[in-house]
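Across the two complexes that follow, subunit A remains constant while its partner is subunit B and subsequently subunit C.
Take a look at the complex of A and B:
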């Protein structure tokens, strides 16, 4: 069973690499949806496991919430924001895409070496799931840095949140229900506010390039 | 089994099956467009026709132009000898030569192909050669890292030893390293054998072609050898993927001639399935811009590098 979780964590990491190599907003949303599906799958398997062994159903409930929120609702919200702004393809990155992808690779190596110095997480060996999920957090953060448009930054934030969620899930076999719910509601609020903000920004400034936001406009 | 039997079976299998793979891919693609398409054996007919036709050689070309088809075909055959179609028939003391030789042999064949493209001095040949040089230099690190990872897992650089180890490991395809290597090899096949995200094999549109542009001046026997060489090279890559990551020989309990035949039959079945899969990938993707190909190559490199990294994350074990 742990091999299955290893594979799922690798696939989640891989989906964030695919996200990094993309430049179309539609593909961002699609890749985020696939990543959320993989996370929901991992949570579902973990949930069934905890129902069978301990009789807890909260992980299963969390899985259901992920499906509703991250696989269905947030991508739909993003698509709505996407159709209200005029640009479809991201054109300006801080570096070119191959360099960005290789930098992400360096992030994974960095995580590997930094996780191996923490005593509590790994029992004598490097926990592959922890390394992969912490890498997803860093890649999400790096995605936010590398993209200059607001929608890319929202997606980066969501990937970062996905990373935090799977780090918590893989290291504790299911967080307390109330903590997960708190994070989800925070994230939902943030995404809704950001969606409205993007719409307002593109309305006021005719662009959502964040470089142009350093001037005040009445 | 002895070397002679190994060589005969290896060459016969590769040479006989290679055009079939192209036929299947073209047929599946035709079905997706609601056409009947050419018969599956069309490439055999084409090759037969081309071999009987006379060849036209440009006056301004040098010996490179005439040597290149033979070079391409013979390097493809040499590569075919290094990748066993079935581990049942490998000689007892392993095949001489390893995957580093395999990659170098392909590089040699590609070098002659690019030189021939430049030799006649036509614009398209030069353009195709420069693009091929770019793509191959991007794909090569990915192949090497991928095969080095497989070698690291199995503790050997020889391809048949690697395959035997993978059979012993049971290779559940759910293993993270196996999945990453599988995806990496699949993307390498798409890049190396002029498939759709990188090059469109069915078009003669000058602006997009890469592989075809280098062969544009060739005719008759020379063209047949070039095409045949490319088909064998494609089958070698597919064999590498199939026998390394989806091994089947451990399920055959028998021994002797029957076991070898059964093994080859299963191999043929796997090749057909992979050909259909490649055709499906081709149907479902669009051709990339030339300048987007580095992105694909970077992803492909990342896949093999992640496999390498995950192998260490798992504590250096592969069970």
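Take a look at the complex of A and C:
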């Protein structure tokens, strides 16, 4: 079973590399949807396992919520926001794509070495699932820095949340149920507020390029 | 009884969304925050008598002890004052055509939701729910920061929600690692519960707990405005409506700092010493104070100046908690109270000045003492107070913290802190005292207060900080001692 989760965590990590290599906002959203599907799959397997062994259904409920929220609703919301604010395709990233992907590789190596020094996470061997999921968090953070458009930042934030969710799932088999629920509600509200703000920014600044948000200094 | 604290703001929000008249909105807002104050007095008395308040309902999530009641009482007090101040502030904005009824209603709904999330963060013992509530504070206040909906406000709001959400997400990672370090130690019903963590602190896995502390410090530190994650703070505080700035600075920063303190207590008990958390907290605290000093010296906007001063004081509290001696913890807790009251008063004053002059620029504001005799005088005195002049209360706590640092033998840090305080005092004096003098012939504005209830609130606050500077009531001192022993874990 653990090798299955290893594979899934590697695939989730790969999907965040793919995200970094995406050029258009439409493809960001698509990649995010694929990543969420992978996470839902992992949660589903874990959920079935916990139903069989302990009779708990909460992980399955969470899997269902992921499918509804992250695979269906949020990508739809993002697509809607995007199609109503964007007028033309521009270059959206700070460095060129190969450099960004190389930087992501460096992040994974960094995570590997920093996690391997911490006791309590590794019982005798390196826990590859935690390395992968923490790398997803860092790549999400880096994605937020590397994109200039407001929607790019929202997607980066969502990937970061995905990373945190799988860290929780792989390391501890999920947080207490109420905490997980709270995280979902918070995240959904955050994304909705950010979406509304994207409209307002596009309205006042005539662009969603956040380089233009540079009035407040000092 | 305690659940009313959580229920009243929600009921108020519900009522707001049904109302059709501005007058009712104001009335409900003041009634709700006044009611909460009255209940708070009762609950505080319970906490003083029994040490803690706990209910078994809903899995026993509700938990209050001396530490949380201190931070909580500040919320109630400032929440009430802000509710009273907001009435005339909003009416003035409506009169100038800046707001309409819908906006006023939105303001009240979000403000009470904001209060609710902060109260929730402080009344739970589960670190996970506390995290959810602190993240929700960002969501509730994001539109309040961008309330005036111009380019500046939107920029501030976007920075606020992005930086704080990411920061808080990092704190979540910390809580996951905390959870991981406690697996196998805690019962499944008390996972993530702070009291259980504190009791079994020795059994947590040390490496993971240390990692958790770093993430939580960075995460909640973002929300508390510690440098180098402070960049959202001056923008948000300067663009939000003045009463909201008072809430952000006086209450929100404390709630985030409270999370850090709880976490530091667990990790210190686990490690058996405070060196690890202490070094991190002191480094971040000193960096915040230095950053604030530099920016205060060159500031042209008075609300931003006050915001940087908040960063400074959060830094002072972080340093005090870093030393973790009984005296420094007492000083830090006292400083939380004093800073909140003083800084919210200053932000309320800045609101009155802003509505009079319609500019935040220091050089375009002249003769405040003549134009606003009441709140202008209070503003001037408050600036002396926040810079640490006796007899005001901030002086007492800053002095206590300095004493504890010298007692702990860190002469270098103590000396650096003293020099930085002097620089900040000079910075505030040079930058801001010019707005009080000069004639009103330049501006051509009529003298007189716009916001009479607001001015009375400001006067009450300045009396409170003056009197508590001379003599803190015994019961509050008792609470602070109690909270100190909770943090020390003895």
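Throughout what follows, the second predicted complex is superposed on the first by the 210 of 218 C-alpha atoms of A that agree within 3 Å, B and C clash if a C-alpha of one lies under 4 Å from a C-alpha of the other, contacts with A are read in each partner's own complex, and residues count from 1 in each chain.
In this section, a contact is a pair of C-beta atoms (placed from the backbone, for glycine too) under 8 Å apart; a residue touches a chain by one contact, two chains touch by 3 or more.
Keep in mind that what you see is a predicted model, and the values were worked out from it rather than measured.
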Superposition on subunit A - do subunit B and subunit C clash or fit: fit
Partner chain in contact with A:144 - subunit B first, subunit C second, else both or neither: second
Subunit B versus subunit C as contact partner of A:194, first or second or both or neither: second
First, second, both or neither for A:64, with subunit B first and subunit C second: neither
Subunit A residues touched by each partner, larger count belonging to subunit B or subunit C: C
Partner chain in contact with A:101 - subunit B first, subunit C second, else both or neither: first
Subunit B versus subunit C as contact partner of A:73, first or second or both or neither: neither
Subunit B versus subunit C as contact partner of A:7, first or second or both or neither: first
First, second, both or neither for A:93, with subunit B first and subunit C second: neither
First, second, both or neither for A:178, with subunit B first and subunit C second: second
Lowest C-alpha to C-alpha distance for subunit C against subunit B (Å): 19
Of all residues in subunit A, those that touch subunit B in their complex: 3-4, 6-7, 9-11, 13-14, 17-18, 21, 96-98, 101-102, 104-105, 108-109, 112, 125-126, 128, 131-132
Interface residues, subunit B side, partner subunit A - complex: 172, 174-176, 179-180, 183, 294-299, 301-303, 305-306, 309-310, 312-315
List of subunit C residues in touch with subunit A within their complex: 126, 128-129, 131-132, 135-136, 138-139, 142-143, 146, 149-152, 154-159, 161-162, 165-166, 169, 172-173, 175-177, 179-181, 183, 191-192, 205-211, 234-235, 238-239, 295, 298-300, 304
Complex interface listing, subunit A residues touching subunit C: 118-121, 134, 137, 141, 144, 150, 153, 157, 160-161, 164, 167-168, 171-172, 175-176, 178-179, 182-183, 185-186, 189-190, 193-194, 197, 200-201, 204-205, 210, 213-216, 218
